[in-house]
Every structure is written in structure tokens, then in C-alpha cells.
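Structures for review follow.
What follows is a pair of complexes built around subunit A, which joins subunit B in one and subunit C in the other.
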Partner chain A sequence: MNLNVYLHAFTGVVKREFWRFIQQRSRFLSALVRPLLWLVVFAAGFRAALGVAIIPPYATYITYETYIAPGLCCMILLFNGMQSSLSMVYDREMGSMKVLLMSPVPRSWLLISKLLAIALISLVQVYAFLAIAWLAGVEPPALGLITALPALVLVALLLGSIGLFLSARIRQLENFAGVMNFVIFPMFFLSSALYPLWKMRESSEWLYWICQYNPFTHAVELVRFALYQQLNLQALAITLGTTLVFATLAVISFNPERTVRAAPAKA
Partner chain B sequence: MTIALQIDRVSHQYGQRVALDNVSIGLVEGQFNALLGPNGAGKSTLFALLTRLYRVQQGEIRLGDDSINRNPRALLARLGVVFQQSTLDLDLTVMQNLEYHGALHGLSTREIRRRAAEELEWLGLADRTKDKVRSLNGGHRRRVEIARALLHRPDILLLDEASAGLDVASRQAINKAVRQLCQERGLTVLWATHLLEEISLDDPVVILHRGRVLAEGIGRDVCERSDETSLDALFDRLTSAKEAHA
Partner chain C sequence: MTIKTKLLPLMIAAALASPAVHAAKAYISNEKDDTLSVLDLNTWEVVETIDVGERPRGIALSKDHTKLYICASDSDTVQVMDLATHKIIENLPSGADPEQFALHPDNRKLYISNEDDAIVTVVDTESHEVLAQIEVGVEPEGMAVSPDGKWAVNTSETTNMLHWIDTETHELVDNTLVDQRPRHVEFREDGKLLWASSEIGGTVSVIDVESRQIIQKLNFEIKGIHPDKIQPVGVKLTPDGKYAFVALGPANHVAVVDANTYEVLDYLLVGRRVWHMEFTPEKDYLLTTNGISGDVSVINVADMKVERSIKVGRYPWGVVTLAD
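Moving on to the complex of A and B:
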């Protein structure tokens, strides 16, 4: 099988994700509205209560809006990663997953293509958010928007991998509510996305340690530092390691036998 | 009579329940091969094994030198499939659905569009390429699925209850189109159905019931061997006898 076959298959998966994304305009809107609500409404209300001291990578005092912007970028990636899990379950239920599985291209390559496609769509949304946030007064260094790109790609891959791994565990669309309650919310709130961890430590030592062990915390820090043209090596190592683990788990746990829904009931 | 695809002593179980029991079937090259069986006979399980959605637990499936156990991807590249449940993406257009499938089989966009235009023209859907699949009726959706299954030029076309849920006119049109593929392109077809009116006495026929092959051969020969005048009578006798013994 030559390289062109792999390339065409990759292009096909990416194009389909974009076609579906364009069809679902409300998905794009909600992906933007959610973080913007946090940025404009939540941050305005909590600015006084949650003052932020000088902490790396920031060289001076910053507004609360500026602090939470990287976390909100990761929030978009998080929701998109989980959305990919939802779309995999949907494809399985609707039968269109079989088209993917019938391809002669190795399934591991198809899953990697799917992951990259999810990452690309997430990036479009993140940069759209950053553009609007800029208008709202959150102005990271212009060069930071470029240096943040590899960090955002890595985080998108991490969260997409977790989403694909979860999709292998979710049997029905209805179970997706559980993902919201047990994955998205804990991951987001038990991280440094909305408040620095030293503040969390002031309130609760054990909550602080949960946040420390949450890979999403390190994903947020990786993006935060990259946005200010700095490299947080610890965050990079943890995010990269976790991505590899979940990407491997996603490929291993992908079970095509679940795509033939009615089989056990009637042969 | 050349055998294009050989299913050799294949068995499959869901836990303790046997879905296929030592099934051997040879698809005659360039012919419209009919797989007859009532609901629950094991047809969909057989399709899932042929398309590698299920792992073959026992037995072997061969297409020429390619075996699904040893070289599954080579075998998949030579199969076109229309599943019982539609696998089209309803929110995408006809052409987008075809482009996606073609890309997954390693075809370039230009080649896909060229082939898609040919197949859709032949199936009478040339003017629907930009329509969303959701806007098509059941018969047209089936035609799109057939066009899609032919896009990568397979040697074998598998259709699992392809006419299910369609009105009589659409069923006949689809059946006629698929038979035309055998005559004009020499394609080998496996047509799984429980509707006897879709089968001709000249077709190679396999009757599957409760996971076992009850009869196999050219329809007319199978009837003669069993002293029956029609496939309907033979099918009723074989399946009801099994029911009685069950």
C-alpha cells in the first residue's frame, strides 16, 4: 500500500470532519459562546474576588480575564475532544462507522487521522475565540499566538485521544451525560484553568493535589506558557506522556464488533 | 463454474449461542448468488465476518489468494458492500458521501469524481450529486449506496437485504440494476434476502437457517433434488421442518 493511499484516506477523514462541522453551525457558535460567557460575564463578576498575583509566565499583574484565557482555550479543546467521542458513538449507532471500518487502510491510521481532524477543527475554534477575546481586551503577545500553536495541537490531540478512548467505553448516546458529569466538569474545574493552584491550596490541600494530578492542569499550563513565548518543560512532558498513553489506549480499545448493533440479539 | 469467494467451515458464537455452524459457501464468479434465509438465519453475522467487522472465530474466508485471516486488508479492498442498515451520512451530499468512501479506499478526489459521475449516471442519479442524502427517498438512498460500493471497482459486491423497506417498484429496480452488473461487468454478487420473489430459479442459491446451510446449488437443481416445484415450497419445507425439530 503506497503513501498516496494513506494520504488520500487522511484527507478524506479530515474533509468529512470539516463538512460535518460546517453543517453544524450551532456547534461552532456554542463552542465560542461558552468560553466567551466565562470571559465576559464570569470574569467580570469574579474579578475582584479572584485577584491574581504575579506568577509565571506573567511578568506583571494581570487581569482575571487574561489569566483565564488559556484555560478557556483548553476548555474549547476539551469540549471538542468530548464532542468527538459523541460523534464516534453517533456514527456507531447510525451505521456510518462501518464505512470507516471497511477501508483497507489500517484502522490505527484511520484513528490517527480522525484525531488530527478533530485537532484541526478545534484549532479553528480556538483562534476564533482568541480573536474575539482580543477585542475584549485580552491581548497576549502577537508572537505568542504562533508559539502557542504546537502546544494547542498537542493539547487537542490529548483531549481527542481521551474522547476516542471514552467512545470505545460508551455503548449508547444516552450515556454521554455521564461523560459531562464525570469527565468534562471535574477535569475543567479541578485544574488551573480558572484559578491558580496556590489559591486552591489555600482552601484545600487535597483538592490541590487532585488538581496537580489532573493532566488538564498541565495542558492549560503548557498553553499558558506558550502563549507568552515560554516553555514549561514539566507541563510538556506530562501532556506529551498522557497523550501517548491515551492515544495508545484509544487504538487498542477500539472494538469494531460493537458496530454491528443487533447481532447478539438476532444472528 | 469458477468459485470467486470461498467461505470454508465458518462457525461463529455469541457467548453460548451458535449463530453460524460450520458454514461453507462458494460464490460463483460473475453470477447473482442468492443467500436466502429468514430473519435470524445468520445472514448479517455472515456479512459481519465477510467484512471483518467480526473476527472469524473458526474457519476461513478466501478470495483468490487473499484470506481474511491472513491478509484482511487486501480482501477488504476487493469487496463492495451494501449493508442492511443504511450507512450513508444523511447530512452530507451524495457526492460528499462518495468522496469520503473513495478516499478511504485510497482514491484521489479527481478519480472519485470521475467514477462517481459514471456510477450515478448509470443509476439515474446524475442530477442529485449536490443533494443531501436526507432529501432522497429510500430507493434513491439504496442506489447511492450501490454507487458507493462500486466506486473502488470491487471484484465482489455484497448486499445484505438491500431491498428491505422499499416499495415493490424500487425493490424490482434495485434487483434489476444489480443483475445488470453481473451481466455487463461480470461482477460476482452475493444478495442476501428473505424475499423469494427476488430470486430466479437460474440463480446459484444458498438456503441458510438457524446458522446452518440447508441447501446449496443452482435454484432449479436444488428444487429438483428435493422434489419441489418452486423455491417457495422448498424454502417453506426446509425452514418449517427445522422449526419443528427445534
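Moving on to the complex of A and C:
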């Protein structure tokens, strides 16, 4: 089997994800509207016109909008990562998964292709969000938009692999609401996306530690630092590590036969 | 044309003295710590902290840039520091509680406002003699000498007036009524206009020096900040006369004003309770002292953006910058 087959499978998966994305225009809009609502409405309520205290990577005082922008970028990646798990469950229920699995390439390659496809599409949305946020006065250094790219890709892979790992566990479409409640919201709220961790610590020590152990915190910090042309090594190590763990888990636990067997049992 | 003629010698000097430019420094008085912080303007790091008299507030360079005058308010003296050695070499008689002062272009006469005694003391920096004590309004604060050396202007916080003192006769010649609690006065480089900030009034008055009348009053408004918090204190004008910067105290912002149309162009977020400001020697950055947050914010003048904030001592008050 030569490289072309791999490439063919890869482009096939990307194309399919791309068409799905084009057809669900509302999904693109909602992926943009959600963080924008947070930026405009939520940040307005908490509007720190008098400035948020200096914490790295910021060199001076910032507005609250500026603070939450990296977290909102990661929010887009989080929702897309989870939504991809939804599409996997959907594919499985509709049977299109079987078609995909006919491919002669290893299953892990298909999963990696899927992860990259999700990441690519998410990045379009993240940069669209950053462009609008720029108009709203969130102006990171222009070069930071480029240095943030590898960080965003890595975070997209992390959240995508968490999504894929979960999709291997979710058997029915209806369970997706559960994922929302038990994965997306806690991950997002119990992180440094909305408040700096020192602020969390002021309110309670255990809350601080939960946030500290949440990989999403480190994903947000990685993006935050990269957006200001800085490398947060700790965040990079943790994000990279958890990505590898979840990607491996996703590949291992992804067993298409399970549902095939489960189907007649259900009927 | 005037800009060019002024810039040319500057550029030549900069080209010739580039090693000196690298050692550009800022001195910041820390009111609560009784110290001065020395900030390296290339690395943006505090390189030295110097112990001085009690409650240092206003600071000013001698015209030849060899000495630094420091109002040590609670020591009731104006200290003189040698800039080469960073040692206090003498104490000048200043009257009680000196807060702000201004040096005459002759490099000798120092005009000091004595907040508690409602007087302005004039001291000869060479003979240490008190040349005059002029009665002004209650709680004198801001002090400036016109570029031609003709006028010394003092602001009194409680009387709400600018007091015009003739520097030849040392007599109070005229008063200009401004809004509540005038804190600071700043002459335009050509000496034709005077900008005066009113802390409680929340305004800045622009005064024609010849007629000593207010020709324009500026108001400030920042979305999301209560008007009571907008308390203008420090004022700085760019040497090209294009822009004015107004420090808005507890509003944590510096207003950027078009100095010709008097339109407020922008509000820049800096540290907490911003008071006084100074340009770097090359005029490309503006430093602000932020009292409550204990830091100095650095504004890039070309971009009109705050680039960084640097921790100094507690309650930084005054700032001067030095090219070598």
C-alpha cells in the first residue's frame, strides 16, 4: 500500500468533513455566535473598564474582553471537538461508518485524518472569530496571530481526540446532551478561560486545584501565551501529553464492531 | 519647519552619542517608600533603588542635567542629588511640606509650593538663599515656569485659582479662576498657552498666557467609568504641539487629546490612579506613574498604545527622564 492510498483516504475524510461543514451553515454561524455572545454580552457585564491586573503573558493592564478572547477561541475548538464526536455517533447509526471502514488503510489513520479535518475547519472559525474580536477592540500583536497557529492546531487535536474517545463510548445520539452537561460545561467553566486562576484561588482553594488539573486550562494558557508570542512550556507539555493519551485511547477504544453487534441485540 | 530645525540637532546628537542613549534612565519618586526607582529605558528594568528623604513627591532635573531636585515633603526640604554618584549632596530650605516645584530657565530660581502654609517659596539653588515667599491661595500645589522665564504659575487646590507670579518682582500679578481643585499646570513649548487640570472639576482648562483667560475647557467621559472617578492630574504636551496627554487619576486611563482641535482622541488603559507623566529623552515613549498599583506604564507615542507596565516602589508620584 503506497502513500497515495493514505493521502486519498485523508483527502476523502477532509472533503467529507468540509462538505458537512458547508451544508450546515447554521453550524458555522452558531460556532461564531456563541463566542461572540460571550465576548459582547458576558464581558459587557463584567466589563473591567478599570483594567484586569497584570498577569503573564500580558505586559500591561488589559480589558476583560482581551482576557477572555483566548478562552473563547478554545471554546470554539471545544464545541467542534465534541460535535465531531456527535457526527461519529451519527455516522455509526446511519451506517456510513461502515463505508469508511472499508478503506484498506489502518483505522488509526482514518481517525487521525478525521482529527486533522476537524482541526482545519475549526481553525477557519477561530480566525473568523479573532477577526471580529479585533473590531471589538481585542488587539493582540499581529504576529501573535501566526504564532498562535501551532498552539491552536495542538489544542484542536487535543479536544478532537477527547471527542473521538467519548464517541467510542457513546452509543446513542441522544446521549449527546449528557456530553454537553458533563464534559463541555465543566471543562469550560472550571478553567482559566473566564477568570485568571489567582481569582479562582481567592474564592476557594479546591476550585483552584480542579482548574489546575483541567487540561483545558493548559490548552487555554498555551493559546493565550502563543497569541502574545510567548511559549508556556508547562502548558505545552501538559497539552501535548494529554493529546497523546487521548488520541491513543481513542484509537484503542474505537471498535466499530461493537455497534455492529449491538444493533441486532437492540432490535 | 520648526520641527525640522529642532529635530536635526537632536538626530545628530543621537547619532553621535549613541552609547549615551543606551544608558537612558528614568527616575521615579516613590512617595510611600521614601525612595527613588531608577528605570533603565532600554531594558525596562529597575536597576537601582535610592533612599531619599521622607515622602518624595515632585522631582525635577537641573537644566544642565547634573542634579536632581527632590521635594521630600515630610522632611520639609528640597534635596539635591548628584546624578553622577546618586548621592544627596545638599538640602535646600524649602518651607514646610514642599509638594511640587519648578525650576526657572536661569537654572537658579526654584519655585516651590508649600501646601500647608499657602505660600510659594523661591529659593536660589546656588546660594541656598530664600529669595521670596509669596502668599497665594489655600493649598498651593501645581507649579510651572513659562519657557521665557517671565511667569511662575501656581495652582491652589482649595481656592481653585491659578496665581500668576512675575518672576522679576516676585509679586502676585493676576489670578485665573478654574474648576475645582487645580492640580497641575503645563506650558506649551512656545509659552503661548497654558494647560491646567482640575482634579475634582474633572476638566482641563486651556489658558491664553497673554490675556490669562480660559479659551477652552476639556471634558472627559469614559464608557463604564463613573464621572467622579475621572480626576485629571498630570498633563503633558508633545514637543511638536500635536497631542496632549492627560492623566485621569483613579479612572486608570490617560486621555489622548488633539492639542489643536481639543478633541479627545482616545483613552489608554494604564495602572491604578495615574498621576504624573514624562516623555523619554527621544520623545518616543511616555511614562506614567500609577500610585495605587505601584507601577509605571509605558505608552508608545507613535502607536498610541500602552506597551507595558513595570513595578517600581509603593505610590510612585513623580518621574523625570535622562538621556545619559
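Criterion: the second predicted complex is superposed on the first by the 255 of 267 C-alpha atoms of A that agree within 3 Å, B and C clash if a C-alpha of one lies under 4 Å from a C-alpha of the other, contacts with A are read in each partner's own complex, and residues count from 1 in each chain.
To be clear about the criterion, contacts are C-beta pairs under 8 Å (C-beta built on N, C-alpha and C of every residue); 3 or more make two chains touch, one makes a residue touch a chain.
Quantities reported herein were computed from a predicted structural model and do not represent experimental measurements.
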One more residue to check, A:198. First (subunit B), second (subunit C), both or neither?
neither
Go through the superposed model and pick first if A:182 touches only subunit B, second if only subunit C, both, or neither.
neither
For A:209, decide between first (touching subunit B), second (touching subunit C), both and neither.
neither
Looking at subunit A, does subunit B or subunit C touch a larger number of its residues?
B
According to the stated criteria, A:95 is in contact with first (subunit B), second (subunit C), both, or neither; which is it?
first
Touched partner set for A:106, first subunit B, second subunit C, both or neither
first
Using the superposition on chain A described above, determine whether A:63 touches subunit B (first), subunit C (second), both, or neither.
second
Of the partners subunit B and subunit C, which touch A:19 in the superposed model: first, second, both, neither?
first
Once bound in the complex, which stretches of subunit A touch subunit B?
1, 4-6, 8-9, 11-13, 15-16, 19-20, 23, 94-96, 98-106, 110, 256-257, 259-264, 266-267
Listed in rising order, the residues of subunit C that touch subunit A in the complex are 222-225, 251-252, 269-272, 293, 295, 297-298, 306-309
Touch list for subunit B against partner subunit A, complex
14-15, 17, 19-20, 39-42, 44-45, 48, 51-55, 73-74, 76-77, 79, 81, 83, 85-92, 96, 99-109, 211
Would you tell me which residues of subunit A are touching subunit C in their complex?
47, 49-51, 53-54, 59-63
